[in-house]
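Same chain, two partners: chain A is paired with chain B first, then with chain C.
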Partner chain A sequence: MKTLLRRHEAYVLLIIIVVSIIITAVNPSFFSLENLFDLLKSMSLMGVFAIGMLFVLISGGIDLSFTAIATVSGYAVALALLRYGDSLNIFVIFLLAGAIGILLGAFNAAIIYFFRIPSIITTIATSNVFYGILTVLSEGKWLYGFPTWFGDFANIRLFTLYSPAGNPYGLSIVTVIWLALVLLAWFILRYTVLGRSIYAMGGSPSSAERAGFNLLRLNLFVYAFIGLMAGFGSVIQALLVQTVAPNSLVGKEMDVIAAVVLGGASLAGGTGSIMGTVLGVALITLLGNGLTLMHVPSQWYDVVIGLVILVSVGVSAYRMRKNIQRRVITETA
Partner chain B sequence: MAEPFIRLRNVSKHYAGVTALNNVDFTIDQGEIHCLAGENGSGKSTMIKIISGIVPPDPGSTIEIEGQPVHHHHAIDAIDKGIQVIYQDLSLFPNLTVAENIALGQMVAGHVRLVDWKELRRVAEAAMARINVRLPLDSAVGEISIADQQLVAICRALTRGVKLLIMDEPTASLTKKEVDSLLAVVQDMKSKGIATMFVSHKLDEVLAVADRVSVIRDGQMVGVYNGSELNDETLTMLMTGRKVEYSRFVPQADMTAGPVLECRNISRQSEYEDISFCLRPGEILGLTGLLGSGRTELALSLFGVSQPDRGEIRVEGQPVKINSVQDAARLGIGYVPENRLTQGLINVQPVSSNLIVTTLQKLVNRFRLFDQAKVKSAISRWVSELAIKIPSTESPVQTLSGGNQQRVVLAKWIATDPKVLILDGPTIGIDVAAKHSIHEIIRDLANKGIAILLISEEVPEVYNNCNRVLVMHKGRIVQEFNTGACTPEDIQLCISSRN
Partner chain C sequence: MKRKQVLVRIFSLLVMLSMLAACTPAAAPTAAPAAEQPAAAEPFEIAVVVKITGIPWFNVVETGVDRAAKELGVNAYQTGPAQADPAQQVKIVEDLIAKGVDAIAVVPNDAKALEPAFQKAKEKGIIVITHESPDQVGTDYDFELIDNVKFGQHAWDQLVKHMGDTGEYAIFVGGLTVPLHNFWADTGIEYAKTKYPNLKLVTERIPCGEDQELARQKTLELIKAYPDLKGIVGFGSLGPIGAAQALKEKGLTDKIAVVGTVIPSQAAPYLKEGSMKEGLLWNPADAGYGMVWLAKYLLEGNKITDGMEIPGMGKATLDGTLVKLDLIMDINAENAESLGF
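On to the complex of A and B.
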């Protein structure tokens, strides 16, 4: 399985390289440091969401409510910014958004665990509840006009370079936040008993129960974690566009799931890696960026993304089936 | 004589008025190899559950572990006292490595937070060293053989300080050779003072190493015997309470009739090689050989799951291409798979739906909608014809015993009115009495003129039911026996001499 995954990640990397070459051939401006940092910045939002989704998929579940959670926490953050503005700082903002995310995620986990409702059904329902309540209360109003410090924070760069035209660019703070979360997630999945237990639960929930794993605790962690990522994502979104709209994130669920699955996670649970997820996010972002640079009408974006997912998931499902067939034949019992 | 490791006195268990165990006394000594033998439904599983603390016994029962009476015996207490159960499904994590499967449980139980990968490998290697086995530490458990998976489960138990290892049906899915190496491991554990309790209804291999055998029937302890004083036959009698005649049956096939199924030199890369045989109506042809000899692969090709690369298959004299299961069904070929739970039944669905699933087309009225009267009569016909014992036709098949499940699978294919029926391991994992009645059903079918290919690892099964037996080895048919002119030992010898 491990070698299979490694191979999967290598394939994704290969596709990224091929796609990059094609885009560069059509539009050489793609191949520049400036565009690279731009891409890294624009994939950060999806990247943060994808970390959370990876955890849920490994655990054997799915969460379709994270965009609704992000919308709720984003709205709360915006209201706080507008009312208390200058007395707040970025840490309080992340804390507030994260806390709301954890709370709503834990609510999902409790329902999934105690009522044994499949996670897909639960989160479709809670997504409607979260999002519906917000729409009623907000009346769909857009929020903007945040304090200047909030706009300034978004423009922080770790280092600054200048393009020939004189435009400044560099490694954005937003990208740094994403990469820090990637490191954290990698550490949890690889070096904590909690992380390994999530893989174990995804591989076989009944074995996990018999081996004395606390499934409630694992579920709470996993769904609270994607809630946390949704909360952080909502702040990143607000930083990037300096506006919070109740409908800006809805519909992004599928892109995120697609990126994670593209990176080798299985919807059946038990497999997936942080490296693969980063590559999956990169590929999806790259395709969007590339189509723009190649002047392909934006309507084609969904078609291309859909086809890439079909091929990727199709290939890994085919390999998996071959694998199973071999086993059924050689050791049926 | 030292204190026994565990002693059960007057242990009873009632479930909603049904007596599962009735005043059972039972002991296992330190480091003993003990078999608990009984048919399905005899109370074996209840015994396991009580000893491992999953269900409490009725009040008035006493349990002593190492001389100390235990009162609130919960699963976690049982594990703390050194009792571990390896269930038939092994309860492993297929997606994790061997090393993790062995060591992760211990880490979770010890409230360890961070994974030290070196330490994890060390724990796994230490456990393997204790029973002298070598397993690939970094392979995913889902990719190693069932026998190796079982060793992983044993190693995992060792990391938790096991003193009594309970193994539920450990040999059901192993080959002869694998059973032998498992028994060697168990004897090795015995030398280290670890007791093993085998729970099974198929004990012939295990009898050789058992110190004592307890036989349980209908919730009552029948008796405790020395392993050496029992053989397969006496044990069967003790378990069932009656003598089961293993009669021989010679199918009365007309050997001059044209074959209904004929294979001419069919081969499939790395599966089977140059297979030729013919099968006549009313005949039961046995196909035996070790696990991995190619017998199941061959069956899958006859049923259209895979296709031979070369050679020709003929049905009633006509050359045919069987490209799919639908093709096979159209040609009148039915297949009862080896693993009925994953391949033959829709587990959560009721018996009724499972029975009619192959014949839906015949049960409709002229508007192509289900004719409820036809459906009902079809279901009740098969339930009574195969004597399927069920509380209701709406019970999910997963709640039935192995024997009854197998009858449902059989009925489902017999309902299609097949000309050829391929039975792959039709009595694996079902108890002696049920086995006997499955054989009766098979013989009946042959008498009705259905041609049957009976694939089985058990030589007595093919010997007693077939007129001819083919032995496969490494993908080839190595010998054909006429059961009228040979003994079971001849066939056994042919199989084992090539191993």
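On to the complex of A and C.
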């Protein structure tokens, strides 16, 4: 199983390399450090959401409410920023957003576990509840005009380089936050009992329970974790655009799921890796970026991105099927 | 066994997703029709259906609708889909027709998609007014606060004022089927051919004008794809802001000029720091008020004539079914904060 996973990631990496070569051939400015750092910054938002989605998919569930959770926590953060502005700092902001995310995520988990409602249905419902209540309370108002420190924090770079044309670029703080979360997630999945039990639960919930895993605790962790990521994502979104709009995230769930599945996670649970997820996010972001750089008219974006998802997920599903067939044959033989 | 499970999951995901797509508008209804009117002299019921509810632009439109309802003594209210989706908007219009309102004023997401619904409305004797859709088929009157040809040209005049009349530029629109954004873009491109022949459009118009993060990303990409880029015209209230952010990030605010349609209060900081040069617009509250005023005027059996006066808004010109005012408004660092929206 592990080698299969590795192969899938290698496969995504291969597509990324091929796509990169094609883009560079058409427009050499793609292959620059500047574009690399800009891409990494663009990936961060989807990247953070994808980490949470990966955990849920591995556990055998799915969460369609994370954009609604992010919207709620983003809105709360924006209100806090507007009201208490200068007396806050970035840690309080992340703490607040994270806490709201965890709370709403735990709510999802409780419903899924105690009522045994499939996660997809639960989260569609709660997504509508979270988002609906927010729309009612906020009247859809956009929030902007945050304190200057919040804008300045978003522009921090760990180091700054200059392109030949004199444009500044560098490793953005936003990217650093994402990469730190990636490391944390990798550690949890790889080296903790908690991480391994999430795989176990995703592989077969009933055997996991019989083996003594506490499914309630695992569910709570997984959905609170994607809630946490949603909360952090909402801060990153606010940092990036300095505006919080109730409708700016809802509707983007599918891109995130597509990226994670592209990276090798299975909707059936039990498989997926953080490396694959990062690569999946990279590939999706790369395509949008590359199409502009290749001077492709904007009408073609969706078509190309859809086709690449189809082809790569299709090929990996095909390989998995062959693999299963082979196994069945050897087992019966 | 495992494979079957996967298939079942995928299938159920698909079913759920299609349900999700169908449910979203119903799940987030905004601005439900106001409570029942006192039965006395039944006031006219005028529904204003906007492209998308809950964004600042249409919130300001709504203030105009509410003001008109109060001042004109009609039951006017605003509604619309939670996403800028043509199909959802058609559904809302059809529901209003079934409900039997007196007049429907629509700001279309997709002009073509609404034609059958408008036909139905007419059969039921409901007055139909559109806004921001100059070539609309099936409407009684299309109401415009501005002359759209002049508006498109004015955007290019602003662009040239800030980037010079020579060089490369790009266009952002809200979407490729948004009638007005694309009309302005068409008009401007045509106008530039004769008036500013040295302007060069680098690529097809990019549909990112209603998504700030996307506009920011696209601007970063454009800077690299077209290193000589000197200007961006953005239609859709978030395109120019996202572009301005990207330029600020890259320290290119002196090299690339951004102009376009924006909400003044939101654009104010960008106009002040110079990452955005100038904006152009009209007052959306006037649009809300005007649509309701026009609907009531027609419901009372009056005729629209060329050169007639609309109270507080000036003289209107009539061209076929197009009722036009001339209220183009320049937005700059000086006035952005004082415009009140």
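Just so it is clear, the second predicted complex is superposed on the first by the 328 of 333 C-alpha atoms of A that agree within 3 Å, B and C clash if a C-alpha of one lies under 4 Å from a C-alpha of the other, contacts with A are read in each partner's own complex, and residues count from 1 in each chain.
Everything below uses one rule, namely that a contact is a pair of C-beta atoms (placed from the backbone, for glycine too) under 8 Å apart; a residue touches a chain by one contact, two chains touch by 3 or more.
Worth saying up front: this structure is predicted, and the values here are computed from it rather than measured.
When both complexes are superposed on chain A, chain B and chain C sit side by side without a clash. By the touch criterion stated above, A:197 is placed in contact with chain B alone, chain C being left untouched. In the superposition on chain A, contact of A:299 is made with chain C only, not with chain B. Judged by the touch definition given at the top, the superposed model places A:160 against neither chain B nor chain C.
Measured by the number of chain A residues touched, the leading partner among chain B and chain C is C. By the touch criterion defined above, A:271 reaches chain B but does not reach chain C.
By the touch criterion defined above, A:89 reaches neither chain B nor chain C. Minimum Cα-Cα distance between chain B and chain C in the superposed model: 6 Å. Interface residues of chain A, counted against chain C in their complex, comprise 27, 29-30, 32, 34-35, 38, 42, 45, 62, 64, 118, 120-121, 124, 128, 131-132, 135, 138-142, 144-145, 155, 165-169, 237, 240-243, 245-248, 250-251, 254, 266-268, 288-289, 292-295, 297-299, 321, 324. Of all residues in chain B, only 76, 79, 87, 89, 91-97, 100, 104-105, 107-109, 112-115, 138, 140, 142-143, 145-146, 172-174, 271, 291-292, 296-297, 300, 337-339, 343, 428 touch chain A in the complex they form. Interface of chain C with chain A (complex): residues 2-3, 5-6, 9-10, 12-13, 16-17, 19-20, 23-24, 27-28, 30, 52-56, 59, 82-83, 176, 202-207, 211-213, 216-218, 220-225, 227, 238, 241-242, 245, 249-252, 265-266, 269. The residues of chain A lying in touch with chain B in their complex are 1-2, 190-197, 199-200, 202-204, 206-208, 210-213, 270-271, 323, 327-333.
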